[in-house]
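Shared between the two complexes below is subunit A, which has subunit B as its partner in the first and subunit C in the second.
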Partner chain A sequence: MAADQGGRLRLVASAPGPDVGPGSAGGDPIGATGRSTDRRRRPLFAAVPALVWMLLFFVLPLVVFAIYSVLTAGLYEVSTPLTLDPYRDAITDPLNRTLARNSVIVGVATATVCIAVGLPVAYWLRFAAGRWRLAVLFLITASMFASYLVRIYAWRSVLGSEGIINSGLVSLGLIDEPLSFLLYNRGAVVIALVHIFLPFVVLVLYAAMTPMSDGLLEAGRDLGAGSVMLWRRVVMPIMAAPCWNAFVFVFILSAADYVTPQFLGGREGTTLGVRIQAAFISVGNWPLAAATSFLMLGGFVLLHLAGSFVLRRLRLNDLRLAT
Partner chain B sequence: MNHPMPRPSLWPTTAGLTRREIMRRAGLTVMGLGAAPSILAACGDDDDDAGSGNTSGGSAETSGTPAGTSGTAATTATTAGTTASTEGGAGGATGAINYLSWEGYDLPVESIEAFKSATGISINASYIANHDEIQAKITAGGDAAGYDLITYYQGYKPLYTELDILTPLDESKLPNLEGMLPFWGSAEQGFWIDDDGTRTGVPFTWGSIGLTYNSEETPELPSWYDLLDPSFKGRVGMVDDPAGNLALACKILSLKTNELPKDQMADVVELLEQFAAQTKGVAPSFGDMTSQLVSGEIVACFHGWAAMNSFAAAEGLTTVKTNLPSEGSHSFCDAYAIPPTTTNPDAAHAWINQSLDPTTNAEAAIYLVGAVTVADAVEQLDEATKALYPYEDLETLLEQAPLAINAPTESDEFVTFPEWLDAWQQIKAGV
Partner chain C sequence: MNERRQSSPVTAVFVVVSLVFLFVPLLVVVLFSFNSIGSLSLPFRGFSLRWYRQVFESPVFRSSLRSSAIVATATAVSTLILGTLAAYALSRARTRWRAPLALVLFLPLTLPGLFIGLSLLVLFGEAEVSLSLTTVAIAHLVYVMPYFLLIAVAALQRLDPALEEAGADLGANGWLVFTRVTLPQVWPVLMGATFLAFALSFDEFVITFFVIGPESTLPMFIFSSLRRTVDPSINAISTLLLAITLALFAGSFYLTLRGGRRSVIAVTGETGSA
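Up next is the complex of A and B:
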């Protein structure tokens, strides 16, 4: 993509790509390189607190957890010998397979809707909101003030038999009996989770769009691109990696959620997280719970790696807005 | 009356390693010993440590001071019933009690406030959303939290005995035991008193499970099977209480929960599947199921109890009632107990003793919409609470709705509790 005439902003990639590349970018990736150099110059000790925190509260528990997953299960206790039985049990259990499928469906649906809705909102906030930007950003942030459970119950009062939607439709004479399919299924879980995670997605994507100057879009228009092409060849390539990261973020939290499915999911909305919670707390089979958790974690890591691989193949993983 | 509790062979513990031991050793490992090898090596030589729960339990019993000397407890209360608690007194016990159980079982009632003022005893409450959180938290680091007081549902007695969660109580510090109603003061099936006479719990509240329904939407249902009528499709509530649902299903099928042959589990599962199919989903708690009643999502509950009438009324729905169907049901009783993690057993004993004060026991029943375990408390109940249970003929009620015991933790012959929990997960998910 050609740089704008003022040279304020350039799109650079680490290697030639289908839409953008060094040739079109003018071949001067100073902005990107300069930032990398700056990053390297930062004192290492600045990262020490975060490193220690992660080691103590993430890596160490994970190591202990990994050990649990290969120990022999007792009732609320573990013992030797080491065994892979927990993994075998977790994989071969037909209930786990059903619940894993439910988790994937809920996670993919929630993340897809969040990106599909969040991206245009972020774009509007960045380029079209004008004086409304701060007010809308505040409202988006304010929507996160309500507690998780309150929002779940709010959706119940919206979607329930006596809820706003059913009452409204009955009052208007459009239906005689309340629609029972609105609640206690996967759809209700997805609706509530989208409500919970959409503000995060909007804020993340808005932050990713902030460095994108108006000039970049103007340059595209000057070169004859219409709105669709502008989105396809300028906005989407730049936003591909942030969108993927936001997708994975929402997918993991949604697929692993075990609270919302219990309140809104009904029998078909039960997820693997509910099973893991039960294995830990009710059944007292810690190795099985740990093994199931690790299998989920493995699935998430694979998903992230696969997405990153695709982005790399499409040269969309290292786009920078050079200044 | 003492019915020895069946004690099937239980899970082996000699090679077991508690989670807090794992964490302790992991901590040491981080300090330079090398993580995995040490933790794994520890698993094989843990015999001595596995018994430490019992040892600390013993110390909980012996470290207290003799009861009945102070006479300071609850001196500000004014009823005759309260006098009984001053005789036992707090024995000079004071300080904070780390409490782990249901919200409400820490008894926010007037006479308890007076007791706390008189003794200086206070409560640090950790509330649970699920009974299983108690054993999960005690076994997974309760020492650090120093829990002093828990409660247990009688069906969990075998499990808690197996997990060494219950320490012997010092009856000399519980003089109010004398005032209990005969049934609740007995060693009924070993729920609170072991075969050797060791007391592990003090029942303070109980109730009977029934069919709770909205009388505005449906007439009284004389049989549990009435809930299977097609007109109730999607309008029945069911709560995520595996032990309670198993007990109820066994009662309906005239089976014994703790002696359920493995080849008959399919019958129980099939029955519960039928009821579950009438629901839109399994509610995570009784409170949530009450909300579903109030919002009109459901009109009847497969597994409710009389307190839900009041809970619903508090939310504006005054037409909720509970009846006992012809097949019967089961009763539940919660008892205070002191876990081995305690650091203030004296105060915990004083608290338990106070819970048996007639005034406190009556106030607790009114607050919890439950039943009393103390004889003199009956007359102190208000009319509504007193009418919930037939105190003049408890025997008949407890025959129709006996106290249930959970499935054993291990057995070759009978369905075990872990097996049942697995089956319940499948029923919940409709698989």
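Up next is the complex of A and C:
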């Protein structure tokens, strides 16, 4: 009984943050006894196989790839004189600039639409779904697992000149010729990418909303706030940080996507990812592809840091919800 | 209906529109895979299985299906082993090494597949490893690991530490506690996460494109048919791929849900008939 009580207490104590854990039993920050140090350290060895795998096949490849970005380019080969030329070429190349702009537009548009749609859906799931919650959660999670290539193909089928929208409109007699502006542009790329990332964004924002209590919104309403005010003053401040994280995640993955633009983008919708892939595979300029990749990664890191800085200045980065 | 439910008509509209947006394009593909004429355009001409027959008669399709199954099985099994150990370490270790460890294990989640694939291709080139299904499985393990860990670590952190401590106090060593106390509680969730790993690997294309050798996986097969265009059997192949991944997902969902309930029972101390 006493042991059970102790376990319960510790469980409660460990609830607020994952850093205070079972082994450390409250106030033993340095592991005063040998046994408790042992108990705390030993589990770490279990991670060694996975860690070695990640170092060998994730970290090491990136290091080698980074070295490639400062080597002299040959045709499908690299040679030793170290140089920053690949970076200079990647930055000054006018095509790269156009494609980088396209990547940013596609990334921002995709991430913005995902958040703008995902947030109300997550809100509904948390506060208004009632008995529909599990069913809708199931459907949205299921759609996350729909094959990536099949989605791209599906949108090509829906938007194409022989596709269901055009053939439908023609057979209804509303148009005489297929609308050609539906496919092979940036918009089509964004639609398919939103289709790919929306389920993920909904689930992440829903998870971020679960700690929000009903009482929080009721308190706002009792104080006379309408729906708009409630969103502006209660929901948005709490959701700012999760929304930003989801935004960066979707931005990175959609700006660097190289498959969707190939099939749906046409000339206007081509992005930097397509160029990197082509520079590596079909042009054979490996340092250029590597330098462009690392410039892109640098941009992603800067974006993330800038956003976190702003959130911290606005004191929105670490809201604790009293429930 | 166990809590106060508020009405929110505006957000409900977003939900309906999202579900239509998410499912209609996929349903179109499924529907037209049964169309008797080889066109995606309306109107629908009648039910037929001829595209499925054509797909299954194609030797390239059958070998791609086999390759995908081999890669996904290898990935899922190795993820289960390495991932379970790593998840245990992440959920139980309380030293300053935990944060850098978590960083390395979770980082592939945020790195676009383009960069993972290219950098692995460079590494394999430098190490003069010839590309094959083995290199694909190696890459898939990197890609799938963070997803597995997300689920497994959450499940392990939900467990009541008192049970493990009781085991240790009764004299069981670390391994015995892990296999006899910890594992039985989270096993269904781990199986669900393994299904997920299988599904992710089965459908992976972005990284596979760079590290695959002469063989072809199912997504590679779809990619090349997409390039050739106007082959109506691609509807049938797509439907098959959707069906396989969704079946795996449903299995994973069921196991994780059941496992979640089991660990709730473990925490509340209820035993017996449940």
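By our rule, the second predicted complex is superposed on the first by the 262 of 323 C-alpha atoms of A that agree within 3 Å, B and C clash if a C-alpha of one lies under 4 Å from a C-alpha of the other, contacts with A are read in each partner's own complex, and residues count from 1 in each chain.
One rule holds for everything that comes next: a residue touches a chain if its C-beta (ideal position, glycine included) is under 8 Å from a C-beta of that chain, and two chains touch if they have at least 3 such contacts.
Treat the numbers as computed from the prediction; the structure is a model and nothing was measured.
Colleague: Considering only touches as defined above, state whether A:Y68 meets subunit B (first), subunit C (second), both or neither.
Modeller: A:Y68 sits against subunit B and subunit C alike.
Colleague: For A:P242, is the partner it touches subunit B (first), subunit C (second), both, or none of the two (neither)?
Modeller: It touches nothing on subunit B or subunit C.
Colleague: Does the superposition put A:G187 against subunit B (first), subunit C (second), both, or neither?
Modeller: neither
Colleague: Subunit A residues in contact: does subunit B have more, or subunit C?
Modeller: C
Colleague: Does the superposition put A:T141 against subunit B (first), subunit C (second), both, or neither?
Modeller: Only subunit C; A:T141 stays clear of subunit B.
Colleague: After the superposition on A, what does A:M54 contact: first (subunit B), second (subunit C), both or neither?
Modeller: second
Colleague: Just checking: does A:G160 make contact with subunit B only, subunit C only, both, or neither of them? Give me first, second, both or neither.
Modeller: Both: A:G160 reaches subunit B and subunit C.
Colleague: Once the shared chain is lined up, is A:G307 touching subunit B (first), subunit C (second), both, or neither of them?
Modeller: Touch partners of A:G307: none, neither subunit B nor subunit C.
Colleague: Is A:F280 contacted by the first partner subunit B, the second partner subunit C, both or neither?
Modeller: After superposition on chain A, A:F280 lies in contact with both partners, subunit B and subunit C.
Colleague: Which partner does A:T80 contact after superposing on A: first (subunit B), second (subunit C), both, neither?
Modeller: Only subunit B; A:T80 stays clear of subunit C.
Colleague: By the touch definition above, which subunit A residues appear in both interfaces, subunit B in one complex and subunit C in the other?
Modeller: Of subunit A, residues 60, 64, 68, 153, 156-157, 160, 162-163, 263, 280, 286 contact subunit B in one complex and subunit C in the other.
Colleague: For subunit C, which residues count as touching subunit A in their complex?
Modeller: So the residues of subunit C touching subunit A come out as 1, 3-8, 10-12, 14-15, 17-19, 21-26, 28-29, 32, 39-43, 81-83, 85-86, 88-90, 92-95, 97-98, 101, 104-105, 107-108, 110-112, 114-116, 118-123, 126, 138-139, 141-142, 145, 157, 160-166, 168-169, 174, 199, 203, 205-206, 219, 222-223, 226, 234-235, 238, 241-242, 245-246, 248-250, 253, 267, 269.
Colleague: Contact residues on subunit B for subunit A in the complex?
Modeller: Where subunit B meets subunit A, its residues are 11-13, 15-19, 22-23, 26, 30, 35-36, 39-40, 43-44, 46, 130, 132-133, 135-136, 139-140, 159, 162-163, 234, 240, 242, 276, 279-282, 284, 288, 291, 295-297, 409-410, 418, 421-422, 425-426, 428-431.
Colleague: State the interface residues of subunit A toward subunit B in the complex, per the touch definition above.
Modeller: Per the stated touch rule, the residues are 60, 63-64, 67-68, 71-72, 74-80, 82, 94-95, 98-99, 153, 156-157, 160-163, 180, 183-184, 262-263, 265-270, 274-275, 278, 280-286.
Colleague: Report the residues of subunit A in contact with subunit C in the complex, numbered from low to high.
Modeller: Residues 3-4, 6-8, 10-11, 14, 18-19, 21-24, 39-47, 49-51, 53-55, 57-62, 64-65, 68, 117, 120-121, 123-125, 127-131, 136, 138-143, 145-158, 160, 162-164, 166-168, 171, 195, 198-199, 202, 214, 217, 227, 249, 252-253, 256-259, 263, 273, 276-277, 280, 286, 289-290, 293, 297 of subunit A touch subunit C in their complex.
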